[in-house]
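Going by the order they are written in, the chains are A, B, C and D; count residues from 1 in each one.
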Amino acid sequence: MTDLTCGVDVGGTKIAAGLVDEAGRISGASRVPTPAGDARALARAVAGLVRGLEADLAPGDRITGVGVGAAGFVDRTRSRVLFAPNIAWRDEDLRSVLEEEAGLPVVVENDANAAAWGEFVLGAGRDVDDLLLVTVGTGVGGGLVLDGELYRGAFGVAAEIGHLRVVPGGLPCGCGNLGCWEQYASGSALVRTAREAVATGDPGSSPLLERAGGAVEAITGPMVTAAAHDGDPLAVRLVTDLGRWLGEGIASLTAVLDPAVAVVGGGVSESGDLFLDAVRQGFREQLTGRLHRPELEIRPAELGNDAGLIGAADLARQRPRT
Amino acid sequence: MTDLTCGVDVGGTKIAAGLVDEAGRISGASRVPTPAGDARALARAVAGLVRGLEADLAPGDRITGVGVGAAGFVDRTRSRVLFAPNIAWRDEDLRSVLEEEAGLPVVVENDANAAAWGEFVLGAGRDVDDLLLVTVGTGVGGGLVLDGELYRGAFGVAAEIGHLRVVPGGLPCGCGNLGCWEQYASGSALVRTAREAVATGDPGSSPLLERAGGAVEAITGPMVTAAAHDGDPLAVRLVTDLGRWLGEGIASLTAVLDPAVAVVGGGVSESGDLFLDAVRQGFREQLTGRLHRPELEIRPAELGNDAGLIGAADLARQRPRT
Amino acid sequence: MTDLTCGVDVGGTKIAAGLVDEAGRISGASRVPTPAGDARALARAVAGLVRGLEADLAPGDRITGVGVGAAGFVDRTRSRVLFAPNIAWRDEDLRSVLEEEAGLPVVVENDANAAAWGEFVLGAGRDVDDLLLVTVGTGVGGGLVLDGELYRGAFGVAAEIGHLRVVPGGLPCGCGNLGCWEQYASGSALVRTAREAVATGDPGSSPLLERAGGAVEAITGPMVTAAAHDGDPLAVRLVTDLGRWLGEGIASLTAVLDPAVAVVGGGVSESGDLFLDAVRQGFREQLTGRLHRPELEIRPAELGNDAGLIGAADLARQRPRT
Amino acid sequence: MTDLTCGVDVGGTKIAAGLVDEAGRISGASRVPTPAGDARALARAVAGLVRGLEADLAPGDRITGVGVGAAGFVDRTRSRVLFAPNIAWRDEDLRSVLEEEAGLPVVVENDANAAAWGEFVLGAGRDVDDLLLVTVGTGVGGGLVLDGELYRGAFGVAAEIGHLRVVPGGLPCGCGNLGCWEQYASGSALVRTAREAVATGDPGSSPLLERAGGAVEAITGPMVTAAAHDGDPLAVRLVTDLGRWLGEGIASLTAVLDPAVAVVGGGVSESGDLFLDAVRQGFREQLTGRLHRPELEIRPAELGNDAGLIGAADLARQRPRT
């Protein structure tokens, strides 16, 4: 008999779920579109996924709990989502609703926290006690494992590292502030700088424009990283600049947190050595006290898109605090 | 019979020591100049202070351990000082040397960490689990108590918060980087901006110059805070600007750490409400997600200069990890 | 018999025209809405205004030329508008079309250049040879009179001072760049910072919100300057910050241009001493080589909204270069 | 019979002089160390050079005037040096003293202004009316020719372009301000960033360190540009970063001045295409209104170290204003 937990990753467009065993192996992965509407619609969709997984269980296996990773501020009790820009729940007691719908113990966690936990227990950080996860996607997300524990902060909203201010009077951020790190170091920043370069007639911009079929607005992050991978000089410069911004921010966070490893995940991080080398370069140049301290390692994430699902499932395996 | 521990605060110019009971009461405080020379000279000076305190013990009292707070990077085992700009020990096994000299169990801690612990157990943070200490002196120092534990980082050098980069391409810092927070938010920054204002003939600068006896280079931080307290418009502006830089940085740290309180200590913080109000103003303007999250309180430190000594003594009361 | 010239000020929403004598006295001022559509429609509207003024001429008076001030890049020959964000002409030979429609010699000039010339010949700069005009409105515009001549640049597009970069990686500007001065020192910047302060719950923001009838988006620049004038602390801070940004930029421009006076015009500049004092403060703090050089005077504009009309009329009085 | 003028270039360490004919040909160049001491000692040294040149004149030739280019603020009447950081004259009527000593009409000009004039009449800008000279040496100097005239500013101290503020709160400058352009775009900036990279153990820094014989403090600008020329990746990056800072600043100046060409001179500019390409790249990325305006050309200087001497001599050929 195997005890499994169900990991759920709730994003703005789709909900992914799967069963996870103690070793992090996923079985029965499935997904549905994120329903529009209220928190109860969302809870029902999640419960539906869980029941589907339950129906397909091998004889003797059982599901002991559900872990949900969701974008947004999750409160300290891991029950409520306080604030989530793109999802329909707000200050709902999501855990109660889900437990009622699914008939299982539930734990709710911020998605980046769940991913950090996943990389900590089963991924790139499984050999250390202190880990900083940095995910480079639409924004810059983060998760912290400190002294072997997921660190949530006093109010449950720690590790919003993308909102470190890195440029006073800088680019406006969706959060309402100016100069947040994610405006310079995210996939969106890569797209923005690429489109700017092309729109203002950078002489090296024709290969990138060609990839986008001649339309500036069609340029995407993966196009830029692919072009960089192929050696296109403009794309190389854009990816390198992005990496330096990311590495410099990790240096600031290291001054504060002194983790053993920084794990870099998210789409852009999969673009390879060029990007990670630039991250390491930016980090090294900005690390305070370098040469006088042990230095953290910057490693690529290992679990890819499954990190959040695996991490959430593992958190459900532990007894949730109440 | 009372079990006391000895708290020691090693600074660049003097060493202070005292006996501390479980309630944080200090007795027998004494101090000697910091000896020039090697680590052993320092250890002997500390041991001398401890023996002096031992000699004056009330009948039935005893000293069960020594806690030392010292500027610099202290390694994870709390034995060695890896790097300290102004003190003669470097990568010495200070704990062994001191235990040998003093004949008592010793624990070594970074001075700001010790102060954070002091404020946590007996000062401004005694009602919370997650505390950020920010000390505004020559530089900006910091200490973190997270989930009720002193957080040291993977390599023992966490909470070097003064070296958060706040201005890309900014002012050079003693650490070798550009744009570190402490270049904008420390007592030294206050002195620098005051001297600049006076040297370049700011029309409001005569009261400040008068306090300094007419010599720009004689202007000190306490003069500026005193002038601000008396309502001198230039000094008010300088102290307010400083407070805003400090508050804005605390907002960045809060995005990462989400503490329950930020305790502001150090000389400048004693200049009163004007400064703290500006800190709170800068904090509020920069806090990401404000209005959607519980907000930390910014409080003045309560233990003053004794925070490090009290905190180190309390850390010695606990069993040191090895 | 008096020779008059017609000054025309073409804005995004209205066209103002008037007759101007040698002493700068305006008569017969009239205005019409800026027509939508093409350059010819605009030229016809201007010609209509000119004919209306002609019809009302006193006996013996005559109109000898037309000077048009228009937002946008005007080419070196003062005929074409190369680029104007909000107006329907683009690279049209406006002078030819207008001369044909109006039957009079025409000169076209950038509106801020015309205003600078107006202040130079008849306003705040009539006693000097080198003048920098800074207009603080929706953006920050500028005009230069150097060695007694209007300076247009090699291609006719000099004095776009609002696009000096003052913050690397800063706020995005309508021009496509980041960190342009006008994003920090214009009336729009004042509105933006005021709305941000109110939206994020600045404790001092209720008076401002009240002026706006409770709606953040209803806050305007004049509301903020009026509140500042009445001593509202938040508004005072916002106007002071704006003034410092403006003065600091004028210091940079002075390093390059060394004018005898900087004339500050535009809506915000009319808010009085508080603003201008902050401009002067920011200027003084940033002027390179201060105490070792004669310092320019910063003066309020004298001609108000008529500066462009008067200046354009005066430029038409001179023989246009071809 | 040929009328020659004598050009003199007064630097912090040496004084160079030579005779210059109308076509800019130099003959009889000679130099002496800059004397320590007062202005009269300097004037005597210059007069000595002039007399030496006079003694060697070909039969029938004569010297009609002396043009002196000197570092520092020169007043509007081209007589006095108001402020010069490294030279012993200060607010002396240098022209009178020199005319007395040399027995010839004298004109004094800022050295970068003189060089700008040299490039304008006989060098890289001889085909245009509006020229911006940017010299990249210890600092960043500049000179302006506008509408065919040397532009001195209302008080004679225009074109101090190195003191444009490009980073608020940035690196301290010798002028007392923070964030001046020359702290990021000069030869000194190149040396600083190179030494920092080496000192902090940049993994690519060994070739540079080798060139310096193993001593970080022995690294010079020419070493870095030579290494960049040889393809050393770290040096290439440093020179490229420098060029981008320079080009971005030229873009800001172009918004204000709209010159026809920017001539880039000084030691670093001689390092070749890598540097100039980076300057052009930075310029293009930051030019406001690009694609909607004629663009200036960025050209290397043509007269090298002789630009100031040739320009000063040519200015002496014209009647000085008084």
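FYI, a contact is a pair of C-beta atoms (placed from the backbone, for glycine too) under 8 Å apart; a residue touches a chain by one contact, two chains touch by 3 or more.
Values in this document were obtained by computation on a predicted structure and should not be read as measured data.
Asker: Which chains contact both subunit A and subunit C?
Answerer: B, D
Asker: Need the most distant chain from subunit C, centre defined as the mean of C-alpha atoms.
Answerer: B
Asker: From the mean C-alpha coordinate of subunit B to that of subunit D, what's the distance rounded to whole Å?
Answerer: 48
Asker: Quick check: how many Å separate the C-alpha centres of subunit A and subunit D?
Answerer: Each chain reduced to its C-alpha mean, subunit A and subunit D end up 51 Å apart.
Asker: With chain centres taken as the means of their Cα atoms, state the distance from subunit A to subunit B in Å.
Answerer: Centre separation, subunit A to subunit B: 35 Å.
Asker: Find every residue in subunit C that makes contact with two or more other chains and list them.
Answerer: Counting only residues that touch two or more other chains, subunit C contributes 167-169, 176, 200, 290.
Asker: Under the definition above, what is the set of subunit A residues touching subunit C in their complex?
Answerer: Residues 167-172, 176, 178-179, 184, 196, 199-200 of subunit A touch subunit C in their complex.
Asker: Help me check something: in the complex, which residues belonging to subunit D touch subunit C?
Answerer: The touching residues are 73, 82-83, 128-130, 142, 144, 146-147, 149, 151-161, 163-168, 173, 175-177, 180, 248, 251-253, 255-260, 286, 288-290, 292-294, 296.
Asker: Of all residues in subunit A, which touch subunit D in the complex?
Answerer: Listed in rising order, the residues are 168-169, 197, 200-203, 281, 284-285, 290-291.
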